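Reading through the structure tokens given below for one structure.
Each chain carries a letter (A, B, C, D, E and F) given by its place in the written order, and its residues are counted from 1.
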Amino acid sequence: MSERILVINPNTSHACTAGIAEAVSSFNAPGMPRLEVMQLADDEGPPAIVTWRDWFAVAEPLCRTIEREAAAAYIIGCVSDPGLEAARTVTDRPVLGMFRCAVAAALTRAERFGVVGFTWRSEQRQRRALQSMGVEGRMAGWVPLDLPMEVLTDPVAPQARIAEACRRLAADGAEVIILGCAGMARHVAVAAEASGLPVIEPCQAAAAAAQLAVIGARQPALTA
Amino acid sequence: MSERILVINPNTSHACTAGIAEAVSSFNAPGMPRLEVMQLADDEGPPAIVTWRDWFAVAEPLCRTIEREAAAAYIIGCVSDPGLEAARTVTDRPVLGMFRCAVAAALTRAERFGVVGFTWRSEQRQRRALQSMGVEGRMAGWVPLDLPMEVLTDPVAPQARIAEACRRLAADGAEVIILGCAGMARHVAVAAEASGLPVIEPCQAAAAAAQLAVIGARQPALTA
Amino acid sequence: MSERILVINPNTSHACTAGIAEAVSSFNAPGMPRLEVMQLADDEGPPAIVTWRDWFAVAEPLCRTIEREAAAAYIIGCVSDPGLEAARTVTDRPVLGMFRCAVAAALTRAERFGVVGFTWRSEQRQRRALQSMGVEGRMAGWVPLDLPMEVLTDPVAPQARIAEACRRLAADGAEVIILGCAGMARHVAVAAEASGLPVIEPCQAAAAAAQLAVIGARQPALTA
Amino acid sequence: MSERILVINPNTSHACTAGIAEAVSSFNAPGMPRLEVMQLADDEGPPAIVTWRDWFAVAEPLCRTIEREAAAAYIIGCVSDPGLEAARTVTDRPVLGMFRCAVAAALTRAERFGVVGFTWRSEQRQRRALQSMGVEGRMAGWVPLDLPMEVLTDPVAPQARIAEACRRLAADGAEVIILGCAGMARHVAVAAEASGLPVIEPCQAAAAAAQLAVIGARQPALTA
Amino acid sequence: MSERILVINPNTSHACTAGIAEAVSSFNAPGMPRLEVMQLADDEGPPAIVTWRDWFAVAEPLCRTIEREAAAAYIIGCVSDPGLEAARTVTDRPVLGMFRCAVAAALTRAERFGVVGFTWRSEQRQRRALQSMGVEGRMAGWVPLDLPMEVLTDPVAPQARIAEACRRLAADGAEVIILGCAGMARHVAVAAEASGLPVIEPCQAAAAAAQLAVIGARQPALTA
Amino acid sequence: MSERILVINPNTSHACTAGIAEAVSSFNAPGMPRLEVMQLADDEGPPAIVTWRDWFAVAEPLCRTIEREAAAAYIIGCVSDPGLEAARTVTDRPVLGMFRCAVAAALTRAERFGVVGFTWRSEQRQRRALQSMGVEGRMAGWVPLDLPMEVLTDPVAPQARIAEACRRLAADGAEVIILGCAGMARHVAVAAEASGLPVIEPCQAAAAAAQLAVIGARQPALTA
């Protein structure tokens, strides 16, 4: 029986896709819905979703991918949830956005969350997602890293900046930290130590939410 | 290594505890944090949490249980999240409330949720939890079953009433249904069919949220 | 001196474009910024923006059009404001969305507005725009026409339905009516008479807002 | 045909009235509703609306003026919208407040606005108007000039202070600037340059909103 | 020592003033601040505050009265709080509005209140007061009596209508009833019996709030 | 006739109980409902309510006390309103929480309040009460004293810290100060002088609210 959860990275970075796959790998267990990660073809997506224009542009290739690839649930693998509403119109299976899943996970842990953003350019998009969830008022702060890509992807280089951002969010009243980009999964421990707070990694938050959605829809077993 | 997630049913009903255990059983998989369900001793908790007085009274035995029972995370096994704040002061491990987890899961699926309540008496407590999450405005409706316990626990008898409640919530604008009591887990399919909407079962929502919390805190592995 | 305000209809319906042009024609006066209306090429846009997928898909051709066509300000000629955020990244001139302009105009007239929608499919998109403006709570009601296109575009046929929708919105507490689609401009009088309320036509609301933006940026004259 | 829009300055300052007339003059064009500016008689209004007592006191002379002077629409020419609700009860023509029009115009341009106030005394009144519009939460900041009148009315002297206020509002997250007093119309360019943001001048915002209201009510032409 | 609390009825109805005096009489006790009730002179106020124009017009005579009459605190004796902000600028003693006091008292008893209004014309004014308090969202309903004055002032005639309004508010979710006019003080028992809910009478609510303000400012005694 | 208002201090500190009694003594006047203050037995309550666990634990002894002690109204004598909802289920008489009463009193005086807290540990509990009242957004600031108990209970020692907290709240926009602990009643004058603002003492606020509730329920007299 196929209970595949398809994570679609809407950019064309193999490193990014590999990072997502590593982050969600702990959730692949016997009997649980299985997570698979893919990315858009090189001529379909941008190297990274940086601008609002990128954000709009990937909706259509995401829809086409979903139409082509059968799955029990889909995760849009970018922490600004691009194309989510469009994707939901082309399948009757659950489609989840990583940012919404991370915010929801944060709300199970505390009242006020802080977000470590990738660049200042993504704040407005994440605010929109918060508005659609109705929880914009619970964001204690949003602090961007604004680091060059070569620093961000280095395993060690961005740690000081991430720690600083987390300390600032804690000082501003955050009670839980959301890593606002799929590329920070390796830095959960740094963020937790610097802030003294629980840390939500969005790839994992989406993995858990998607497994819940798939298991919750195993209806015959439940009603037997 | 012990990654036990302890679900503590704050009432003394063995049937209720068994129902929770059944609902979360799908989440027990090799390599995933393991869910165990227990209940308060007969002289510590009420047969059911019906009143605000019950709600307050179980906080202390919940705290004592947590102090006594080591675990990687705790779930308070009642869908009005009794004693949650107190429990969080006696451990540094994650403590989760089933209702908050269900609401958070609903927010990953849609903007407006409806709640099928157990009795009218629990609405005010669930509203308070929504207020603490900041999302009271996203509740499209709250419809109680108000059935006698012998009907509610029958495998078939409450289905007509659950279906009716779900249809009404859908008509009132709900886009996702939350089952507002741990005892409705067997009726997910009925609720889904009647409403045509995704259905969130709170025991499962809490199981997924707790697994995420435990896996997310496996820090050495992530930073290695 | 060129003070062209370019209204870009993101669908490919010539009838729709002509209707917008007629609605804004009263604002073309000597000395005022001049409104011009165009539409996407047949291979760039859909016949109408019906789904979320359409909504995302027109962002890219809108951006390309703006890059190609110099203007003092741009209006996105569809009452769900598609591509607005993307369009704003490709020009430093004002870019306005018809729905936001109509809502803003309504707020100058009263506290609570009602919206006559085109089809039920557009409600969610208009709600999102209200959320981004922060005024979702001021919508007294949203009533769709849900008429076949041939009825909607008839000069007389949709009047009964529009009147009925306006009466219902007034009964629900609306103090001003917003026509939620660019194709209802000919029915302002019907809506006003049925409701007894002021009526905001979105093409005109956007025309006035764009003229304000352009005149307000005539800085040398003001500071001389 | 008379399509006069009457702007009633509720104070008795001829300089203030002249400033309003200059600010709105760009909107007087052939075929467009014509803006005329008048002021209260010397024994009816205060030299300036400084206190809440002034704010209440001008309602009655505003009502009497509107009863006496036929017009297609009225603008209350003070950026704290005094007497607006009273004025609306004495005519069935549109009556607009300059502050509400400026805020509405700001919302067509961005999500978060900042206000440059005249004196600290007007903040509370402008907050009330924001509350009645439902958008108090979208104000990023409110910075008063608190300058002596002779400085404020000098063509050059207040520029440094205005620039400083605009820079501070931009730093606090404003995405658009509202000039919170009718007497700053000559300083739009200074505000725009200092902040790097769009600037809304309230006299002009009200002029555009009133023209929209009058043109939108030209019903026979639209339905013919 | 003078601890007079002056209740100023801003209309010129002796019957209304007498009704307020009767309602507050229970609060006149030895050692407590003493409540005195007066009304505006016949040439200063309207027979009743019915319109927004009345509401604005009484601000100035209220200010003059306060300037003339020394007191330890002032109550504006009308349940739409006219002139409150102006009155606060002419004295450094507490000035209280009856409606705000009634709403505050309701919030000490329950989460959601319903208001029985005098006429539909006062709803908008009371909403504004709720907005300024930030609690508009807690109003479960607002039901006007809309009775002719001769019915309203009859000791028995309005009871059926009051009872009906209270029942409807209870059905709409009100947990406490506010009588929204100073002239309903004799009908507290009817309202309580019909609704089964606590009832707040605004004259009494203001009396208690004013006594608290005066006693709380007896600073020397407290610090001795 | 017995119109006793029973204030139940849920801790076992005689000094605290005496302080409450002193604070409310001004409200005991002939003809007014009489305030009596008691405390939980030494084996029923904690020395002070410091943690969430304390907060939950006192609900049950408060309920038992209310069941045992007849009164016309009850006040829970702790400024985090512990057990309020439970207490309301065991009596049909009014039960009031000191913090909610203080917040309500503040709202009769101004729009934005600041709270001087006892320790940082109580902020979260007071925020929850504000959420249940719907006015969390009106809190301009919350500043804890965080003083050792021997300093706090000294008649002079805490004054500097209280004054500093009040000045900071005023600077943050508070227009009225709430003393967030029953043990600061002697410092009202210090707080008022430091802030230049009205000060609400919660024991007195609850006394006034309870007298209003009891007098308002003297129904036969009113309807005779």
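What to note about this one:
The working rule: a residue touches a chain if its C-beta (ideal position, glycine included) is under 8 Å from a C-beta of that chain, and two chains touch if they have at least 3 such contacts.
All values derive from a computational prediction rather than experimental measurement.
Listed candidates were C-D, D-E or E-F; the one reproducing the A-C interface, defined as more than half of contact pairs identical by residue number, is D-E. When each chain is reduced to the average of its Cα atoms, D sits farthest from chain B. Centroid to centroid, with C-alpha atoms defining each point, chain B and chain E lie 44 Å apart. Distance from the chain B centre to the chain F centre is 33 Å, each centre being the mean of its Cα atoms. Multi-chain contact residues, meaning those touching two or more other chains, occur in chain F at positions 111, 124, 132, 137.
Of all residues in chain A, only 51-53, 55-57, 59-60, 63, 83, 85-86, 88-90, 124, 128, 131-132 touch chain C in the complex they form.
Of all residues in chain D, those touching chain C in their complex are 26-27, 29-32, 94, 96-97, 100-101, 103-105, 107-109, 111, 132-135, 137-138, 185-190, 192, 198-201, 204-205, 207-209, 211-213, 215-223.
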